[in-house]
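When the chains are written out, they are named A, B, C and D in that same order, and each has its own residue count from 1.
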Amino acid sequence: MSTQLESETSALAEDTVEMTYREAVNAALFDEMESDSRIYLLGEDVANDGGVFKTNAGLPEAFPGRVTNTPICENTFIGMALGMSVTGLRPVVEVMFSDFLATAADAMIEELPKFRFMTGGQCSVPVTVRSIGGGGGRFGTQHSATGESWFIAFPGLIVASAGTPAGAYGVLRAAIRHEDPVVFFEHKGLYARKGHVSRGEDQIAEVGKAVTLRSGSDVTIVATLLMADRALQAAEELAGEGIDAEVVDPRWLRPFDLPHIHASVARTGRLVVAEEQVHAGGWGATLISSLTVAGVTFEVAPAIVGLPDDVLMPYSPSLEDAIIPSAAAIADAVRGLS
Amino acid sequence: MSTTAVDARVEWYRRMLEIRLFEEKVQELFMEGLVQGTTHLCQGQEAVSVGAISALRDDDYLTITYRGHGQALMRGVSMEACFAELMGRSSGCCKGVGGSMHFTAVDKGLLGAFAIVGAGLPVALGAAYSAKLRGLDSVALTFCGDGATNIGTFHEALNIAAAWKVGIVFIVENNLYGEYTPLRETTPLDDLAERAKAHAMPGVIVDGQDVDAVHAAVSTAVARGRAGDGPSLLEMKTYRFRGHSRTDPAKYRPEGELERWRERDPIVLLGEQLAGSGALSAQEQTEMREEVQIQVDATAERAKEGPLPTIEEIRSYVYAA
Amino acid sequence: MSTQLESETSALAEDTVEMTYREAVNAALFDEMESDSRIYLLGEDVANDGGVFKTNAGLPEAFPGRVTNTPICENTFIGMALGMSVTGLRPVVEVMFSDFLATAADAMIEELPKFRFMTGGQCSVPVTVRSIGGGGGRFGTQHSATGESWFIAFPGLIVASAGTPAGAYGVLRAAIRHEDPVVFFEHKGLYARKGHVSRGEDQIAEVGKAVTLRSGSDVTIVATLLMADRALQAAEELAGEGIDAEVVDPRWLRPFDLPHIHASVARTGRLVVAEEQVHAGGWGATLISSLTVAGVTFEVAPAIVGLPDDVLMPYSPSLEDAIIPSAAAIADAVRGLS
Amino acid sequence: MSTTAVDARVEWYRRMLEIRLFEEKVQELFMEGLVQGTTHLCQGQEAVSVGAISALRDDDYLTITYRGHGQALMRGVSMEACFAELMGRSSGCCKGVGGSMHFTAVDKGLLGAFAIVGAGLPVALGAAYSAKLRGLDSVALTFCGDGATNIGTFHEALNIAAAWKVGIVFIVENNLYGEYTPLRETTPLDDLAERAKAHAMPGVIVDGQDVDAVHAAVSTAVARGRAGDGPSLLEMKTYRFRGHSRTDPAKYRPEGELERWRERDPIVLLGEQLAGSGALSAQEQTEMREEVQIQVDATAERAKEGPLPTIEEIRSYVYAA
């Protein structure tokens, strides 16, 4: 392998190395493409200069003919991926900004999740859609959604995400290997984030399993994507005050690992959800409702830290920062519980 | 015309009859409440299904629409499985969960019938592109209606097909209406083959009532696709004898229009030729129709006996893993 | 007015008459179009023979040139409506089956709700999108979604629905009059349902206000669309057993009338949500989570009656009926609480 | 050429300079971190904005894209409001909440700049259709890129416009790339004006570096729309001198391509003509550039002083009611 990204880590393959979230995505794509020649990457500008977010560096060279720039037509190239998947290939599609998933919503809602079902289970649909979302980049109102909960209501689909570099590596590989359609959310604000990542087959995540990023006994913070990162920072901050927070990244939003979080909350008795989305219709609301319906009674009402419901993402940098929950806001929510 | 060709045309005649009588039977079953929900029948358009699909190889692909019963039958989906599907039986071609709009047979390369207008085009494109990537010369055929040429995926799919020289044939069945609305109210041209020009591919107008013309045009386009020369758009001028769906009385038709098109009934047209050439006399045609009617009736009866799916069964269709 | 639908009711205008949900929709459209010449109807086949669901009977004749059949291109004709609305008109768009809202999701998610915000409040966007959803019609996997919660996570949009003919009349009129974009959900399984409807300006619903369809003291059933109808039946059934159920139709899913339901639950102490959708990502989950976060503790855990999470809508009539919650299932859920 | 025409062209020259120097300044401010996120600049494409928008009346409409700074300036949005927007000030043309991609001035008929490829076309179409319904002869202009001709809404909008004879002019700025990908990789034809044929409307290729040619072509299309004769598609052959966005170094350009296009710099081309005709000497052009530079610099400085929006302020932009 000739790319810089890879050469940094190849010497240490199978060992734990420090790499960025971006490099972890790249490594997952590389390792999967190397292990299975049926995998093809598709998307806008994916083959040029590493792609818009540089996650694909080196892949076109390493896998000639297997990384292809598409025209701008998200709905059609995801529909194409369906056709590729039922004829023996395993396409991985990049949707540059998660907001563009709206353009592709027919493919995402009506086709990918339903195809197997409505044909009476004639085939599987192993398509992976990678989608890059999230705010903080000053991209404004139409380029900042995480999109992470847009598709949680559609049986037939798997919805995944990663809040850490190791998660990006393990979850993305699992997504690509999965026989059902998966939409995998990355966060552009995390690409430069470093973390310890081990490469190799044994690092492939288990579909549907949440991970505890930090163990703690006083409160459970459940958070995805950038919020998982900030929740870890909040936990550090709280540790200094003697509050021992557990941080859980659910990773899979459909299916959702309710037992894992239920168990954690049963231990800590307290719950904070941190999400870069409004409360309505999100996995956070679904989680709290599921626990409540399951009979969990909270000594202290759980708290939600998320995007405000009465505003959209502004360009104005100071307001964008004010709106996206900070580590301090998460810590405050924890403090506010007691 | 060679003997094989004559034989093929007699066979086509039978296949068109099968489709016609199948659809009439579906209408009956719908009125009886045995087929529920909706149906979109294709009487009048049989020559398109038969002429086009007879030009394919077994290892080619196709996608169809909610109006795809004829195409599914022609591709070899068993008539019993089709009837059973319409009656919601687990012996149906989609185990009774798909219904009228989703006849699919992945094992026959029939990669889906879509109830969302335009949704089948990208899927067929993906299959054809997949063949190209895998070094095969299989092509894909995709059917859509005139109304579907107004939705984005139509153009998006044509664009990619042409830009990447994918072996796919886009067949537009121009039956003059999208639901209850005549083409001219929603579309600025009469000849939809023109739309090929936006994507630098051949666009051909074909008499969709003439099964030979359909077969010839599709064969040419398929050969082009197989040779790696890229896609084609074929516009089939055709007409549906029934309303759009269910019990639509089609009051929106101008007077005389249906009658004029009935004169161009594809089964009658081919029948006249076959009688003229001596390949199949009028008498033989009547006998064949009776035979097929008996087959259709008997098959529908058998299909009614199919088991109903259970909830456990259909749960297993949601996820593969 | 010359249409049959209207002549049935016109003599009684301003008085309460019995009419179907379909007639109520028709009446709302008629009355609004009559009161405001800026209203135009757009959609597929809307001007032919009353439209696909016959809700528009008589309108093309009564309002020549103001009801127009569009080509099949949901995303574009909703985007057009945006352009019409910012230049002085008040378009009402029909989306024949709610599943087709996926085709239009860019307009629904990225354009309508965001336009006013991202231009700094330069104008309002008075577009109404009517969308007809719901199962029970044997239309299969791609034509049966209610879609009611698909857009609840998008500030800038109003999401409305109606579970009764009177609701259809009052809420639809309110939607059309509203200055912000509204998506209004109707249920095709309710069109033939009869109910008492009063016509007139004073019957226009208040945006954001839930209604109590039946008062009761033992349990609160919150339900929309067809489920509201079935909840009323369930309440009748339960009344025979001495259980006095309150039935609330929230009508507006964004903004959601939490105080109304909170107050009801505070009185009854018990909650059942009945929804024709999966739990994940829905207004039901959001409601229960909101109550929990607000500190409501339930003596008995609330229950949810909804679509199963492990199956999609099948064509097979017997299974379709098995999957959509019946009145009996709602009543059972209430019984199961105690 | 009449005096007015000469005056207009001198004015166009100034407007192109303003756009050019504005965009250069934006790049500077971006490097300084005062403009954040992203920018999509239009240096090289100024003649399209100036030639096209000068053909409109005040009561016409337009929609633009994320690459629309030049168009907004030409439509009369104040330069200070533009700079302020880019720096997230509430004195910005969208109160600082829109940013680089959403320059809008509803009061000037500029009905939005869209960051979703293709999203502006339906909106402009709706505005033009609205004018038609209201009995006005206002038309709409909508700008998009070459890449946008591959997305569904492009064709959907052209189709409706032609089917209903809506007075709209579709302008495709064909700058040869969609982001980093050359047109030919994603599109099967070089002349996008051809795409008009799919929708039975005139399609015209225009030299987008020649402001006179742009103005003439757009004027013709606008007149056609105003007369009720329907839409037109104009393809402007042009080129962006900068990368796609932000700091894109545009390494994907073949060698010499940029240099060849720089020879067709629209400002230089018009400048040569004006110098030749004596309307504006080289010396006067230099002075004008200096003047504009001073104006741009001063305006940017003033814009920096604009107040930052508060959260309360921007909350009121979400809902009108």
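Observations
As a convention for this text, contacts are C-beta pairs under 8 Å (C-beta built on N, C-alpha and C of every residue); 3 or more make two chains touch, one makes a residue touch a chain.
No experiment lies behind these values; they were computed from the predicted model shown.
Taken together, subunit B and subunit C share the touching chains A, D.
Chain centre most remote from that of subunit B: D (centre = mean of CA atoms).
When the interfaces A-D and C-D are ranked by C-beta pairs in contact, the top one is C-D.
The centroid of the Cα atoms in subunit A and the matching centroid in subunit D are 36 Å apart. Subunit C and subunit D have CA centres that are 41 Å apart. Work out the mean CA point of subunit B and of subunit D, and you get 45 Å between them.
For the pair subunit A and subunit C, the distance between C-alpha centroids works out to 32 Å.
Each of the following residues of subunit C touches two or more other chains: 70-71, 73, 75-76, 99, 102-103, 106, 110, 117-118, 140-142, 155-156, 310-312, 314.
Shared interface positions of subunit B, i.e. residues touching 2 or more other chains, are given as 96-98, 102, 114, 116, 150-153, 156, 159-160, 163, 185-187, 314, 318.
Taken as a graph of touching chains, this assembly is fully connected, with contact between every pair of chains. Across the complex, subunit D is touched by residues 44-45, 48-49, 52, 69-73, 75-76, 99-100, 102-103, 137-143, 310-312, 314-319, 322-323 of subunit A.
Residues of subunit D touching subunit C in their complex: 61, 63, 90, 92-98, 102, 104-107, 111-112, 114, 116, 119, 121-131, 133-134, 140, 152-153, 156-157, 159-160, 163, 314, 316-321.
Residues 36-38, 88-89, 96-102, 114-118, 147-148, 150-152, 178-181, 185-187, 251-252, 308-311, 314-315, 318 of subunit B touch subunit C in their complex. Looking at the complex, you find that subunit A touches subunit C at residues 99, 102-103, 105-106, 108-110, 113-114, 117-118, 140-142, 149-150, 152-153, 155-156, 254, 256, 277-295, 297-298, 301-304, 309-312, 314.
Interface residues of subunit B, counted against subunit D in their complex, comprise 150-156, 159-160, 162-163, 184-189, 194-201.
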